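Scrolling down, you'll hit the structures one after another.
Two complexes follow with chain A in common, the first pairing it with chain B and the second with chain C.
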Partner chain A sequence: MASDPQMLANQRIVEDLASRLRRRQVVGSRQAALETLLVLRQVVSRARFSNVDQLVDVIRSVGRRLVDAQPKGRAHSFLYEYADFNHGSFITGTSEHSVGNTVRKVLHHIREEYHTATEGSTPAPAPTFSIAKFVSQGQPRKQQTVQKNDAAKVPLKENDPDDPDSFARTLKPVLMEAIQDVFDELETVYDNISKNAKDHIHSDEIILTLGKSKTVESFLKAAAHHRNYTVIVAETAPSFVFSSFHDHGLTRHFTRYGGREMAKSLSSAGISTFLVPDSSIYALMSRVNKVILGAHAILANGGMFATSGALLAATAARAYSTPVVVCAGQFKLTPLWNLYHEYGALDFGDPSSVLGFEEGDLVDKVDVVNPYYDYVQPELLDAFITNYGDHPPSSIYRLLKETYDDEDNEL
Partner chain B sequence: MAPKSSAGKEKLLGDEDEVLQAVILADSFNKRFRPLTTRKPRCLLPICNAPLLDWTFESLALAGVQEIFVICRSHAEQVKSTIAESRWSKPGSGIKIMPIMTAKETFSPGDAMRDIYTRGLVTGDFVLVMGDLVSNVKINEVVKAHKERRKTNKDAIMTMVVKESGSRHRTRPTGNSSVFVIDSETSECLHYEPVMGYPPTKVAGIPREILAEHPEVEIRNDLIDCSIDICSVEVPSLFQDNFDYLDIRRDFVHGVLTSDLLMKNIYCYVAKEGYAARVQDTKSYQSISKDILSRWTFPLVPDNNHPAGDVYEHRRGNKYIAKDGSVVLARTSRIGNNCLIGPSTQVSEDVQITSSVIGRNCVIGSGSIIDNSYIFDGTIIGAGCVVEHSIVGAGVEIRENSRVGKGCLVGDGVVIGPEAVLERFEKLSKKRETGDDGEQEDEEEDVDSEEEEIEANQEDSIKAQLGSDCNAIVWPREAPDEDEDEEGVENYKNQRFLRLGLAFSTPSTSFFFCATGDDASDLEFTDEGSLSSDEDSDSSDEDSDSDANFTTLPTSSATSLTLENSTIVAASDAVAESEFRAEVEQSLERAFAEGHSVDNAAVELKTLRMASNVPLSRVRESVVSAIVEKIQIVEGGGVPQRQEIAKVINRWGPLIDKIGGVDAVETVSILQTHCATSERLPLFAQILVALYQADIVEEVDMRRWHALPSSKGAGEEPGPRRDGMKKCWDVGAALLEQLSQQESDSDEDSEGDDDDGDDDEEEEDEEEELRRGPRRIEQLSIIK
Partner chain C sequence: MSEPSKDGPPTPLSSSQPSQKSMTKAERRELQERQRAAKAAQKQQQGQGQGQASSSASSRSKAQGAPQKKSESGRPRASSSAAPTSSRDVGGAARDGSGGIDSEGPKTRGLRIFSHFGLPKTSGHQVKGDIHPAIIRLGLQFSEFKICGANARCIAMLTAFKTVIQDYTTPAHNTLSRHLMTYLSPQISHLVAARPMSVTMGNAIRQLKLEISGSDIDLPEQDAKDALCHIIDNYIRDRIIIADEVIEDLAVKKIKDGDVVMTYARSSLVEKILIRAHALNKRFSVIVLDSRPLLEGKTLLRTLTSTTPPISCTYALLPALPSLIKEVSVVLVGAHSLHTNGSVYSRAGTAMVAMLAKEHSVPVMVCCETYKFSESIMLDAFGKNELAPLKFSPPEAPKPHSNLEVLDPLYDSTPPTCITAVVTEVGLIPPTSISSIPLALGKTSL
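Coming up: the complex of A and B.
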């Protein structure tokens, strides 16, 4: 298998990303996904393997290390003496789920490429009903039509004792291409999501959104090309926005009051925008036609983690039967369940944005919690708009099954 | 591929940047944590189950530091091996850590800095921190600002990071804080004064020049000094040059800022965001533990980025429970908010834990109560124990039904109980085994000698209290006599402010707390009823009395205590001052006799002032009196006398302003006090006029002086001195009246009718007035 210097080099880049994730220097799910992909690409390009299982093992171990770096993403079990409940392994706290998702996605692609390469001679099974295509006219994936013929030409020799590298040599270019596909998908995710924006937003509608989400921002801006509508932005005090500025790897730019930034950006794009405090969400809800939210992670049951305040908005919307639409890239699909933490994602930031540290008297006497995310149950949501088409919460499980392989659910 | 190449470029850019170096002083240079620190250095004490040094490394890593020098002194080998085994020395940590062992003779941070200089460790700007820092401040941004400043001002040698906190904040040390005088515009630190809890610092002096030179200054006592300093390469060499600098703040910063010769600037960075604090005493140990558990240090929190690499689950209410499934919590146990429980720890039934940290592999017996305590790894606490506000070391065994009072420190490996009772603020350590002495004694001679002494003084009565199986020695609660003379923050009484178990916030409230706490313990003693504990309660009563006194009545007993000290100090000061005065007189005499230029005389005076370290006002006093005495009294007064005065003042008057600061009000006051007792009292008015004419004193200054209550002789004992003062004041009043009359005259002259000369309003007029002044005043009839 891989020789020591390579392992060492791998370890270094993996550890580097792991510690940056732990130090929250990489923030934002898309940013984390991109960084993960960069690491995986290096790992794959360096890896030496003579069959596909070895490769999968290498990638999984890297994935495990990265997910462990954020202790919350990891399944855990905790022994309560005489505990009477079954501790499930799919507990999720959150930090960047997109890291694990990206690893799963890459694994899925690798297996797919491997299958097309080995069974290339047999006619590729006609793609069965895919939910992505069933619900919308979402694009079929490119590579399924294109490369099959060339790949089939080179016979793959697994576990060749004479030339152990031959397998890797033949497969690697295809694999790199597969990773590049994931990469491209991430690059274009905003465009693909906002492609159908005009079908969701109609003229003279009033849209309510919460805080700052890049996805929602580009979605609304895309709709503004075709429609004339009004946006109400709740300022989501004091939650952070992860602006993904990049300065020498030290990315830790939190801006408070993401809603303010969002409102500024939208109004500069010519959309008529109102900025309101969170407390007035319910009062305004009767006038709102649609609530559009961003997600941090979409869970297997169709629920989601979203910036704190999302639950408030979704519940208010339910009271007025206002539709709640979630815009999110497919990399946010997470094959995990939220079992225990009914309302919170259990990722808490520091209290300083809620209570200033200089308030010496209060600091000692008050316990301040500053959760990053709300858990919003699937019952409160109406539709997910992803770059793989639009789906109701109830069919997310199916989308997950198509996106990832079952054996990767736990890395 | 595009993204890859861009990543490569980024790496290249990163290489071009200078490597950010940090120096950690991993020694405390004091004994506040003893006896916990007898066997291991303070920087390896765990806080929230990770060694302090790891928190510091992580804090620096968070800030993008790439190279760290760790200066270790006590238990240096231990520090070195710990670093070697830690994850920091594994590949991929991204940080290079080099332990540097300094000599045993390094007794202060100043010595360590000199060592850094002689070894030539640092090559550029570096971050200087202590080995007990917990921070998430973006130090790299401070470094950036520092470098930016260096481009325009080469003398900006240091930037101190301070964190805003309220005046009553748990993390702000009450016994050891400081006053910063900061220019609000440039954030230059203009002056630094250390503040102590005992003897209570009540006055912070700020040089007048600062207020004169800077239009806007902030004087702040609400800052937590994080001891994060961005230093330029010059800093170690400055320490080398000034061999008497010991402490970085009290000596170096204070020295640089008050020096007239160094001309270096120090800046402050008031961190608005982020958290930074130092575990410098047991009290801050507690408050920083609390801060970590309540996530102020995010992302440096146990469930996210625990420096020791443990994984914790964060539950509602800031409870952190180790996540590897090895923790056993009994169903009836109650874990309160803000708790941390380490891996493999067992908590039995009916245990109550609140706001505490429990280490790895601990066992807490059933029915025990643990409140606000910090229990290190591998400690066993028996059933029915109560541990409050204490730190319990590693591998300690507290047998059943024992009670550990507030503020106790229990050293590693101690066994006490069963049914032991530890009084408040008791310190215990394990009796040394005679077997392994040989090795240790070479290494830790000083430590051992003290320990031996304590061991020799053990009383049997205490032994009885600590239970039959006890292997502990009790450290004396009062500092031994020879330590009494320790000055500054290490003073025993000041230490009381710094220890665990006091309520947070200001000294006064904390001592109220103390008093009530003692009442409660009295009650317990009556329960015990035994003779030995009675004795003890007496002593602790005295203890509480003294405590109560110096809070509730800060004026009576506290001041009487300080007075004793200050008379001694004053006596020694008086000697130094009279020496100084004599020297100044001599030097001035020489100057007068040999006709030195004013500048030369001024330089000589400055050096004298440095040498004998006296305040500026003393110099001024001496100079003014010498000048006044220089004036010869001409019989019959009149014009010849006036000429004589004018001659002296014109020749030597400018010297008054050249000694290092201009303060005309003080000059007049000094002149007054001098004249009041001198035979030259009748000349006061004329001298004052002469000074006025020589532009050394201006009318505004005279008015201000006149308005001072002390000028009227207030607070003086009745007697000739007071009479003299009064006379001078009267003379001044008359003079001023004449001046303002003139002014109104001239105003009327120039503008016809005007309200009486309000000098503050029209500076233009005033200046004109001054120019015209001399001629007019000469015509004045002088009283007396």
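Coming up: the complex of A and C.
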């Protein structure tokens, strides 16, 4: 099968995305998820399979390739010296968890479609159990029931020796629709998260946020339509924000302080905004009503990886009993644990943004540490606002069970 | 109030004003002047407040302006807006802030609750009255942050005062002990106009006032001036320089071979301690944390790495703190001032370092001379703070406009629960015990 020209084409697009991930040309969880989905759609449309296990294997191998491709802390060359900070073992080493999550989600949908197709009119597995559906009742969540009726009409034949492609031929349209559903969900993720923004932000509140997160940005802007409130933005040095890299993948403009971009964007939307350095988070916390953070990845225990500085803000918030709310799309749910709470995701950024080469005399004498992410424990968080409703950290594991299949946790 | 000359008009809320009888003539005159100034300020404030109400920009700005107005006029405060402790400071500081607004034109400063921070001073402020050149020079150095840090500012101020005192001649029909302070007062106000006074400066000025009013009337003028200069020298020596040496000795004992010492920004005292420990051949490494606006850690880094052999240093910005704290054996930080309830007022960011260190059971030692003690309570750093001047905001930072304000507070307040010990020249003490040290209260002069 490997000699198949279609398989070669598949390999090419997979490798292309893998190398772009490795070079950090795909930045941002949502962007990575979208790109992954595009690749998977191509792979599925070209794949040849005569039973569902073959298809799952193909997708899993693609997923593994993409996840492995990503920069890992250990192999990272940016840090001048980090030997001292390199003990303990880490389950989580990839930078864009949403790649793996998207693969898992597609696999979940494929199995779901397969089950409905083979078992005919069996309803989707026990929808009454789902807290996600419970919370988001009334939300237009993909017209699954409608599609299932169409799919069930054609009898499926697995491993048909006469016509090995018949299985794929019957199932593919359904699968493409399932992938399209995931795609639509990603497209509308910001709108769905922001939908209830006005219920979370009240008039004249002072909100603290950190760095630049597209999710939080759209959430706050949505709330501004209904409420008059103030945002304090901590600038989170030296976080990178790749703004406007859509052009050709290489024209990247990044700023060192994501918070500055955020403050510009929010204030231009008419929100009264204060830009402060990270150092003053604690000093201002006594007046903050709510801390709203973005997440990089939500972990199975209800903790999260977020831009570095998030842990400081969350800890300071706890000192003042200020609620901490996390806005994140469901594609950030990651079935991983961070049992060794050491260095965020063990992913380090460019030290020159901390201590530039203009300080030439210092650079060769000093170790510079610039982690990308913080690990924030579930105890410090109060709520996750997702496109699948609002959840406390303690019910994230349920959401995970519903979103992914257990056998995909290790791709 | 702990710093009478700083806080300006006594708000009706402050009850610690000594009775008129126990005051010297100079002090009484000063008080009168201050009250007059307060009245003027109050009038102006009310006028402004009314103007604001009548124009009624938006319901929000009115609501937030109200508590401030109330504190000025002494009426009962709205309970919602400010914590009770900060109210005392808000009165004094709010005046600075509104004064800033007046001089800067009718630019709205966003949310009213931040208005009392006061605008960062522009460097070229006018010289009013008879100001000594040494003070003008010092004022510029303060406002440009050329001299920065509680100890450095206090020493620089006292040294300048020595010049001022030597150049002073008592006018006819007056005595030095009565008149000198009225001559010094405008000098002090000039310095305060350049940059809000530090607690250390306030304490030193209080001590100086006491010495001036207590100086013998019959002493020849030159002798009296020499005596005062001698007292100033002693103060600098005893309360700062010798105190630092004692603190170095004490703190160095807490650094052991193999330790990782974390510090935040730059404290002159912590710097000396680390250099001393290095000179004693202790093998330790240092993690220097830093943050905008001042990025003082780079200066510390330069000093530490210029030793032979260089101290091994790690440098990171504040958000990297959680990734590094596990490595740390002790946190050493400096302080701007220490308050009765044990909270430490220090460079913004210190509180978060202490908070996280406590969370990870890392001892936090605050190195602080006793003359930094301030006889007031500080619950948060919101009531009293200072903003960094605009020159510290980098060129790529967004420019403030109607919806966007850039705030760079310089200080925050670390609660005593996050502090393991305060290293003072009288020993290592818990932060809440500072008020039981008579020396710190200035009851005895060394």
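Heads up, the rule we're going with is that the second predicted complex is superposed on the first by the 367 of 411 C-alpha atoms of A that agree within 3 Å, B and C clash if a C-alpha of one lies under 4 Å from a C-alpha of the other, contacts with A are read in each partner's own complex, and residues count from 1 in each chain.
Throughout what follows, a residue touches a chain if its C-beta (ideal position, glycine included) is under 8 Å from a C-beta of that chain, and two chains touch if they have at least 3 such contacts.
Given the structure is predicted, the values throughout are model-derived calculations rather than measurements.
Legend: residue contacts after superposition of the two complexes on their common chain; A:Pro238 is shown touching chain C, with no touch to chain B.
In the superposition on chain A, A:Ser352 makes contact with chain B only, not with chain C.
In the superposed model, A:Val368 makes contact with both chain B and chain C. In the superposed model, A:Gln180 makes contact with chain B only, not with chain C.
The contact surfaces that chain B and chain C form on chain A in the two complexes overlap at residues 344, 359, 361, 367-370. Listing the residues of chain A that touch chain B in their complex gives 8, 11-16, 19, 22-25, 38, 41, 68, 70-72, 74, 76-82, 93, 95, 180, 183, 248-250, 252, 344, 346, 348-352, 357-361, 363-364, 367-370. The touching residues of chain C, counted against chain A in their complex, run 60, 63, 83, 110-111, 113-114, 291-293, 298, 301-302, 305, 310, 312-324, 326-327, 347-349, 351-352, 355-356, 359, 380-382, 385, 396-398, 401, 403-409, 411-413, 415.
Against chain C, the residues of chain A that register as touching in their complex are 84-85, 204, 206, 228, 230, 235-239, 255-257, 260, 263-264, 266-268, 270-284, 286-287, 307-309, 311-312, 315-316, 319, 342-344, 354-355, 359, 361-362, 365-371, 374-375. Residues 1, 3-4, 7, 10, 13-14, 17, 61-62, 64, 90-94, 136, 138, 140, 163-172, 222, 273, 275, 290, 294-299, 301, 303-305, 311-318, 321, 323, 325-331, 337-338, 504-505 of chain B touch chain A in their complex.
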